[in-house]
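Once you've had a glance at the structure underneath, I'll fire off some questions.
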Amino acid sequence: MSAHGPAHAAQGERPPFLAHHFEDMGVQLETTKLGVWLFLASEVLFFGGLFTAYGVYRANHPELFHYAHFFLDWRLGAANTLVLIGSSLSAAWSVRAAQLGRRRGLEVALLVTIALACVFLVVKYLEYSHKLHAGVGWGASCRPSAEILATLPDAARALPVPAQLGTFFAIYYLMTGLHGIHVLVGIALFGWLVARARQGHFGAGYYGPVDAVALYWHLVDMIWIFLFPLFYLM
Amino acid sequence: MNDSPVSAVAAVHAAPHVLSVRALLGTAGVLALLTAATVAAAQVDLGRLNIVLALGIASAKATVVALYFMHLRWGSRFHLVVLGGAVIFAVLLAAFVVFDTTEYQGDIRAKAAAAPGAGAGRP
Amino acid sequence: MSTAVAAAAAAPAPAVAESYLSHGRGPRSWLLSLDHKRIGVMYLLAIGASLLLGGVFALVLRLNLWRPEGGLVSNDAFNKLFTLHGAVMIFLFVIPGIPAALGNFVLPLQLGAKDLAFPRVNLISFWLYVVGAILFLATLVVGGIDTGWTIYPPYSLESARGLGILFALTALFVVGFSSILTGLNFIATIHRMRPPGMGWFDLPLFLWALYATGLIQVISTPVLGITAAMGFLERIFHLGLFMPEYGGDPVLFQHFFWFYSHPAVYIMILPAMGVVSEVVSVFSRKPIFGYRFIAMSSIAIAVIGFLVWGHHMFVSGQSAAASIVFSGLTFFVAIPSAIKVFNWLATMYRGAIVLATPMVYVLTFFAIFAVGGLTGLFLGALATDVPLHDTYFVVAHFHFVMVGAVMTAFLAGLHYWWPKITGRMYDERLGLWSSALVFVGFHVTFVPQFLAGVAGMPRRYATYAPALVGHNRVSTVGAFVLAAGLCLALFGLLRSLRSGRPAPPNPWGAASLEWAAPSPPPWDNFERTPHAPPGPYDYSGLRHVSDEAGWVRGEVSR
Amino acid sequence: MIRSLLETSAALLAGAPGFFPARASSVAGEVDRVFGFIFWISLFFLVLIVALTILFVVRYRRRPGREEPELTASHDTRLELLWTGIPLVLVAVMFVWSTRTWLEMTRAAGSDEKPLRVQVTGRRWSWWFDHPGGKGSEELHVVAQRPVELVLSATDVIHSLYVPEFRLKQDAVPGRFTRMTFTPTLAGTYPILCAEYCGTDHSRMLASVVVHPDQRSFDAWAREGLAPDGSLVALGKQVFAKKGCLGCHSLDGSRRVGPSVKGLWGREEKLVDGALVRVDDEYLRESLLKPGAKVVAGFGNLMPPVALDERELQALAAYLQSLGEAP
């Protein structure tokens, strides 16, 4: 019973996507944006808890973090960073296309974003499966195999495997995993936008959902911007 | 926070802000450059400065994303307050907790040194 | 004055068919309703059920404490009961109580809006709450949880504790999301959907309170969510974050937990203060005194409230430096509360005070909140907190704030908006009796607990030193008086549904916009967005016509 | 003047039978004075608020002849500043006083005497106290007027050592040490309670603390029933031998592969990197687990990690201590 209140039955000129409780599209768009920003604020704190856990264990076990970062391939991390920046670009482009009413451009930008997000996940999958096969799990299940230990640089190979390596990887899998879930959700959302774009829903007068999903996507990008150096480079 | 709904409406009626192609590509370019910079900076051993530098570059990248891709430069001032407030509280959480845990870490090390792997024995 | 308000105010009690209660029939039209009023009513029912359940747990606990050696239930059962009592009361009653039930109903009406900004999000938030509640109760199926609502590891995450904790952590996560969604919905609505002519300082103070509450919900609750998630995974995969056995730090968990759970206290009390601000002004028939100070003190409480969580950890092994900083900040947060109390008193000064049930509840709120707030000083002060921490002094303190203050404000608000919600007037005589019983029962229950705490009785004790038997028996008797008072209040409200006289649009002579809509309001609240009243507390234009017609704007009567 | 008033006020509270427990530590009196101070200020404001509420209700109740309120100002900034400022000053005083008192509570006051160091272990659902000299007991024994330092830990979950008569409480957290210092003043026996919820018999996790009137009485207790071989020092000696420490660390001060342990306890050691470290049980623990972390200058990093349980470690510390402390 969303948009068929009796009060509006007579108002034929109401735009199709204007919800019954808004006066006009402008207020609706601004309200949607504010809602998304508030949601992003809570996302920041959601990840903030994990960043705090990272900070605590890093501050108190710097040697552990230094040792553990040799397990991560910075080239893959850097490649994924560029992939996400590219997807942010195409997401921002999709907003521009929607605002200008370019249906084809919008669709292409959305599809490119989805494609790049998938590339990101494939790389992430390769990283995860490589580690898990080598016994580098999280917490108690982190027992790196001799093969992966042999690939470490000499400086690290000389050291004993730190007792709390599993805690480092717990934080690593938690943070990158939660981020990965966000990427998955983003793909679903962009897919939904593609479906609606094909039906010609969006244009200069109505592009709130595109804007909202793009904002969300940029936040996902921003989180990765911090995760990359903190895990892969330090 | 003084943007009344009226001004918000006015802002929208005055046509949405559209990012130019140049701004889009420029932003992405700056982000790619900063990514290269952070990788390069990590190759040099600067001790504790490394992490400060990495966080600094990451913050700069995040700011660029927020200001341009997320339209924060042109959008409602309150959006900036929301994002900034969230970041400030997240930083306060991390700062307080990291500060406190490092303060009492000696007591954990001492205990850890006592009984690796096992709980203390019952007398 | 807009004609819309005038028309609404002048309209006779609306035909029943038009009200939101009868717009759409059948369970689906309720369970999947996007109407904020129906969602508010559903919240009210769910929250009422939670209060009932939590209350029954409390009575069993009190009965077990009748004898120093306990014995009514086993120690383990006692531990499970106080855990669920705490969890149900805090997460399912006190936190969502005023904002999700009353706030949901009243907020759009006070803005002259047709709904909240995001009606679907509102419905999702309600159902998340229900799922969370079911998950909490599901712990009973797998043997219950006996961890205390604070779920401190290592105790809570030990394998021996069973699987109940996994349900409880999931419940926290889900209920937390419900709370976040409510908060962001409220903020977006207040920001973007104010009617023309209503600036920030024309908002009713209830909305300022909900706004500040929303900020806390959006900022602090995610940390609860991620903490629950970390705890969940720690329990299964032994990550080594919180469990010392695996190299984790249990005090770190306490930091995370209180970063949410202390601000959560303000999620509870701020909306209560908002209700009090409305009621005290309306029933003194005087504009609220010091509007800006009350509004800004809400924001100040929200902001400072984030930085005091460490005062729960003075004896937990937190470093001395952190303890001193947190203690100092804690004292600061006392100031905005004091400001509010003095402003409320100043509002009553030289007013024309009407002792209707909501006002009587608010008057008892003053005394109870004063005790609750002032005893907080003993716990913010390092020297006195050390002996008092984790004793019945703390139990009494937070029950004064959460039960005493929040519940009396909830009852005040419920009686105040009851005519608007149901279209019926409650029985004033029963209302007054119930408020008296609640007041007396409450004090008999909790004042002895302060004394027991100072004498050194720790909390969460199934058995205790025989010397304290007097304190505990008086407290148990009080609990039953309190329960009787609440039952009487419930009886009075329910009876009014059948026999209460129809409520006029504005039975109290209040000036805020919800009273410009019919009682109960129609599905869409207002035909057209009404203009803001001259001020939320400007009663000059209002005139009492009769009990049946209530109050109307003066210019309408011409 | 103010002080004597506060003394009186605290006494007034204490005079009410059963209000405060007895005061048996050097800080209890001061804690109660802080309590009294906050109490009387709170009571003043509570009475003020309730009195004004009642007064206003009685005088300004709406009744025939008083239908409308009187016109008064809707705000008054000076008044607001007044009732912001006064509470601010009062809570500032509370903060300063209570924090100063608390700092006293966190360090053993009273005398320069070496504190009696007791290792406390909490476990479900009893306490264990290892006293110096090797006597372990489920009762805590201390001496009146002699400072005490408790080093707490727990084996399973968090417990909290609470002695109402001392006005003190400290959590015992598994996986780490916490500390509690006090000086008992009044000989007698007082209950110890667990204040952090720990499961089924949380409320029955009780013990007592016995405050001996003098050192002699304490020593008599400490010797009583103590088999020489059961003592902590004896066990420590055994551990020292069993783990082969003697191979590298001499007892007589002579230099071997590692530093001698003679007079080691409390000594300031210079490390390879030039830093200084005092030899205490934290350093001992670290050196056993991670021998390479802090190597003493002039010696190589040769020692293997040594695994000890908590009891053995305490014993080793007691033994090293018994070999004489650095001046």
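As written, the chains take the letters A, B, C and D, and residue 1 is the first residue of each chain.
Convention: a residue touches a chain if its C-beta (ideal position, glycine included) is under 8 Å from a C-beta of that chain, and two chains touch if they have at least 3 such contacts.
Treat the numbers as computed from the prediction; the structure is a model and nothing was measured.
K.L.:
Decide which interface, A-B or B-C, involves more C-beta pairs in contact, and give its chain pair.
P.N.:
Between the chain pairs B-C and A-B, A-B carries more contacts.
K.L.:
Mind checking the centre-to-centre distance between chain B and chain C? Centres are C-alpha means, answer in whole Å.
P.N.:
It comes to 34 Å between the two C-alpha centres.
K.L.:
Chain A to chain B: how many Å between their CA centres?
P.N.:
14
K.L.:
Just the number, please: Cα centre separation of chain B and chain D in whole Å.
P.N.:
39
K.L.:
Suppose each chain is reduced to the average of its Cα coordinates; what separation in Å results between chain A and chain D?
P.N.:
47
K.L.:
Touching two or more other chains, which residues of chain D qualify?
P.N.:
156, 174-176, 178
K.L.:
Show the residues in chain B shared as contacts by 2 or more other chains, in ascending order.
P.N.:
Expected reply: 5, 8, 78, 85-86, 89, 93, 97, 101, 104, 107-108, 112, 116, 119.
K.L.:
Of all the residues in chain C, which ones touch at least 2 other chains?
P.N.:
As it turns out, chain C has residues touching two or more other chains at 191-193, 219-220, 223, 245, 247-249, 251-252, 255-256, 317, 320.
K.L.:
Output every touching chain pair, sorted by label.
P.N.:
A-B, A-C, B-C, B-D, C-D
K.L.:
Quick check on the complex: what are the chain C residues that touch chain B?
P.N.:
191-194, 196, 199-200, 215, 219-220, 223, 245, 247, 249, 251-252, 255-256, 259, 306-307, 310, 317-322
K.L.:
Under the touch definition given earlier, write down the residues of chain A that touch chain C in their complex.
P.N.:
1-2, 5-7, 19-23, 27, 30-31, 34-35, 38-39, 41-43, 45-50, 52-53, 56, 138-141, 163-164, 166-167, 170-171, 174
K.L.:
Which residues of chain B touch chain C in their complex?
P.N.:
Residue positions touching the partner: 1-2, 4-6, 8, 78, 85-86, 89, 92-93, 96-97, 99-101, 103-104, 107-108, 112, 119.
K.L.:
For chain D, which residues count as touching chain B in their complex?
P.N.:
Residue positions touching the partner: 121, 123, 128, 130, 136, 153, 155-156, 174-179, 281-282, 284-290, 305, 307-313.
K.L.:
What residues on chain B touch chain A, complex-wise?
P.N.:
Touch residues, chain B against chain A: 5, 8-9, 11-13, 16, 18-19, 21, 24-25, 27-28, 31-32, 35, 38-39, 42, 50-51, 54-55, 57-58, 61-62, 65-66, 68-70, 75-76, 78-79, 82-83, 85-87, 89-90, 93-94, 97-98, 101-102, 105, 108, 116.
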